[in-house]
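Here it is: the structure, laid out below.
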Amino acid sequence: MTLDCHDLVRATRRLAAATAAAKDTLNAQDGKLGDGDLGITLANGWAEADSAELPTDDLGRAFMVLSKAFQRVSASSYGTLLATGLMAAARAAKGRESIEMTEISGLLAAARDAMMARGRGELGQKSVLDVLDALAAATADLAEREEIARAARISVDRTLEGFRQRPAGLGRARMYGDASIGLDDPGMLAVKIMLDGLMA
Amino acid sequence: MTLDCHDLVRATRRLAAATAAAKDTLNAQDGKLGDGDLGITLANGWAEADSAELPTDDLGRAFMVLSKAFQRVSASSYGTLLATGLMAAARAAKGRESIEMTEISGLLAAARDAMMARGRGELGQKSVLDVLDALAAATADLAEREEIARAARISVDRTLEGFRQRPAGLGRARMYGDASIGLDDPGMLAVKIMLDGLMA
Amino acid sequence: MKKILNDPTDFVDEMLDGLIAAHPDAYSLPHPRVVARPGGAKEGKVGIVSGGGSGHLPVFAGYVGHGLLDAVAVGDVFASPSADQMADCMRVAHGGAGVLRLYGNYGGDVMNFDMAGETVEFEDDIESTTVLLADDVVSAPPEEAAKRRGTGGMVYAFKIAGACAEAMGDLAHVTGIAQRTADNCRSIGMALTPCTVPQAGKPTFMIGEDEMEMGMGLHGEPGIWRDTLKPADAITDEMMDRLLADMPLKHGDRCSIMVNSLGATPPEELYIMYRRAKDRLDGDGVVISMPLIGRYATSMEMTGATITLCKLDDELENLLRKPCHCAFWVQHDLT
Amino acid sequence: MKKILNDPTDFVDEMLDGLIAAHPDAYSLPHPRVVARPGGAKEGKVGIVSGGGSGHLPVFAGYVGHGLLDAVAVGDVFASPSADQMADCMRVAHGGAGVLRLYGNYGGDVMNFDMAGETVEFEDDIESTTVLLADDVVSAPPEEAAKRRGTGGMVYAFKIAGACAEAMGDLAHVTGIAQRTADNCRSIGMALTPCTVPQAGKPTFMIGEDEMEMGMGLHGEPGIWRDTLKPADAITDEMMDRLLADMPLKHGDRCSIMVNSLGATPPEELYIMYRRAKDRLDGDGVVISMPLIGRYATSMEMTGATITLCKLDDELENLLRKPCHCAFWVQHDLT
């Protein structure tokens, strides 16, 4: 099974719909320990991406268009990190019409690494990084769309659960120290929402 | 009967005591429609006057020392007006060791006129000017200290009563319009307190 | 009281200590509560003095400087300085060419400055004149314009008369220029939250969470109406309407405009107001020269803004654009 | 929300409109949300760019000017500009000699400026460097000084590096000077009341009627402790203690000191604080050069103050005292 530019166009459309629907929920979650803009960030970013013209023959350049969309319309941490992750995927897929599903895990890992470099963050600090890290591991060597979907869902839920009782160590939420204990990291939650949207 | 520099020294002492005692009352009254400093103004001014050295041979210069004391320590309207009135008395008594009690009415009138010029105020605006005007009229031609005292007291009470239900037309209280109706003008009340002090 | 201070009774004197410690090249304190340019009066130059209550920085002490004022008398917060201090202030500013008393039309200040004027005339043979700023259109109707209180117009008068005196104009000329500036200024204010006088310890007025008061004075004097807070453009329109009704400006007229914060209102909001005010004047074909946007005449931490229009002729505009220099306002020569 | 504005979503753009309408000689808007000097980049001069959230005027846009910054990217209130805007900003500032990115250490700003730097390096061959201000001593312990956030130190860095670039220093030199300034700055803040982000419509934090928070950040980030309001001298002492513990100054050392209002706190109160701070430094034999008292880095209408110490050597002091010119800060040559 492969992933090509048309898949990416479809995925973008779904992500735009899912994040538009979840906008208020995500804003509210981000507002508990931050500035309450995460819903806007995602909805605006994916809407912009959805309205952009994606190339059909170069998956790398297609990822780059998505990255640029986030660079244009969002300056909040998550938008910039997503743009960074998408750029890493762009680099990895550059010049290819499609990739194998087995390569998805590698793209996730590449995104994770680029985002760690960009945000000077580490694993274990209760952020989107931990979700990506777990996802990369959970999807390693899987070749079927359904398999990947199932593994990803389980992995995200487990990661959320595993970090819930830990304090935030990155971003705005870090300032709140122990007040963040018991609350899901909004950036992790956003991945769950995007994943659900992709599979809807 | 006459009034000389020694009388003025004694009067100043009494005024210092009376205004010190009435400080809070007057502040409170002024605070209802103003900045609540009238008690301080009077207490500080008369204390400063009381601690000054008065000449013994020139009633005019003695009044001038009192005026200067108010110029030094008070910049609130009432202090400046009192300084102005005292300066008018100084001018009228200049070079004389004493004056006749019958001249007191004239000094009050001179003070009233100087204070009207200084403060650009008119009679009938519910201010210290109206009290002085009534006092000058009530004490005209009286030669005995007791007579003057009795007439003055009656005059001040009548003036207070006559203006109580009218709105303030001068100074800070004017801003409050009809809210000043029913309240005594603090500047008038101050004259009553000083008069009571003089006669104590 | 949410203020950074020590004993409230020391507020003004400690403030002056700090001001002079920070800017010894700009300000000196030749007498208690008298701020003057260091180095004394300049021989042959008309001295310009001002004064009034504290709590309005840069008004008054801040505007002592080159091309501005020579000395000011500093009162307690929102209270007149004494006649004694004003007399000292005039003596310090006198360079042999007379002194202009240039300040806002507030009862206590007027009484004390008049008394001081008489004193220095009598004791020191100092010739002096008075120009009062009475630019706040809300404080009295046009028929009683002389009763109006002074506000932002003071800053234009300090600047323009200051430049005239710096150019060695004589007392009559400097006074005439100051008076023409005063006659050409119109102001209006609006307030959103009060300030607290340190010695009083409580707010100068009360106002609801979503209310504004249009026309309120610098010390919390009541305005025209109190209403729920409106959008910036509507507020600016209403203020401009009132100003232009009082002093119509026609196509080709020139003016400066000051959008001034009462203290807490940030420059961001002033620029939003200026944007609208400029649109209005542009639409009428009125030419703006040297707009002033910022904190020029304040009431400590009060929230709100004032707008001042100063109509300019060639001479006033030229003087306005001359250089000036104090700790709060440095302007290069724009003529 | 007691603010003078129209639609909150237009707050920043209307503010910029007004800023540029008021000062067309000082500022231009070559791209949306990018403020630059009019006339474009100077051939051969190192460009200095900065940027970050709005609501801090004069930081950031206000400091575009001669002897200061060349261009800034303007974000929403308290929010980073986008990488796209930052890239445009760098392109505008590039005069062929490279660009220094000089700004405060806030996560979002850093990520976006890094991304922008990579973009213009790749797409436009612009050589660039980064210096981050991390001067707020409360925001992380000395061992993690690189994690500290930037505050008043930014102003010193803009001024000093700006003068160096104006003197046609090359990119390495300007970057080195900026870094040395950043290394020599320490700041601490305290807040009494919050401000309101227009699009949020509610205060950034809650605090009791008689409480203060020592060490609070520019956006309401928590500080060291919250306590009942103390006298000005005690507050100043505690702030100076923390600063001097982090960067000891000895007899004969020179420094500048900034006593900065977060917005609503009036200059009167800043002078009372300066008075005490100067006493402290005088007592230690530390020489103060060019103290800055006023509103240099604000949080809209927040009440509170920050103190910044900037230790000076000959070169830094000389650059600090060079002239600069923007709508918020005009300084004559003091060298």
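Think of it as A, B, C and D in the order they're written, each chain with its own count starting at 1.
Please note the rule applied: a contact is a pair of C-beta atoms (placed from the backbone, for glycine too) under 8 Å apart; a residue touches a chain by one contact, two chains touch by 3 or more.
In this text the structure is predicted, and so the values were computed from the model without any measurement.
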Fewest hops from chain B to chain D - one hop per pair of touching chains: 2
Averaged-CA centre spacing for the pair chain C and chain B, given as whole angstrom: 33
Distance from the mean Cα position of chain B to that of chain A, given in whole angstrom: 82
Gap in Å, rounded to a whole number, between the CA centres of chain C and chain A: 57
Geometric centre distance via CA averages, chain D-chain C, whole Å: 29
Category of the chain touch graph - line, ring, star, complete, other: line
Chains that touch, pairwise: A-D, B-C, C-D
Residues of chain D that touch chain C when the two form their complex: 2-7, 11, 14-19, 21-22, 54-55, 57-58, 62, 192-193, 209-210, 229, 231-233, 235, 263-275, 278, 291, 293-295, 298, 300-301, 303, 305, 325, 328, 330-332
Contact footprint of chain B on chain C as seen in their complex: 75-76, 78-85, 107-108, 110-112, 114-115, 119, 197, 200, 221-222
Contact set on chain A toward chain D in their complex: 35-37, 68, 71-77, 79-81, 83-84, 118-120, 171-172, 175-176
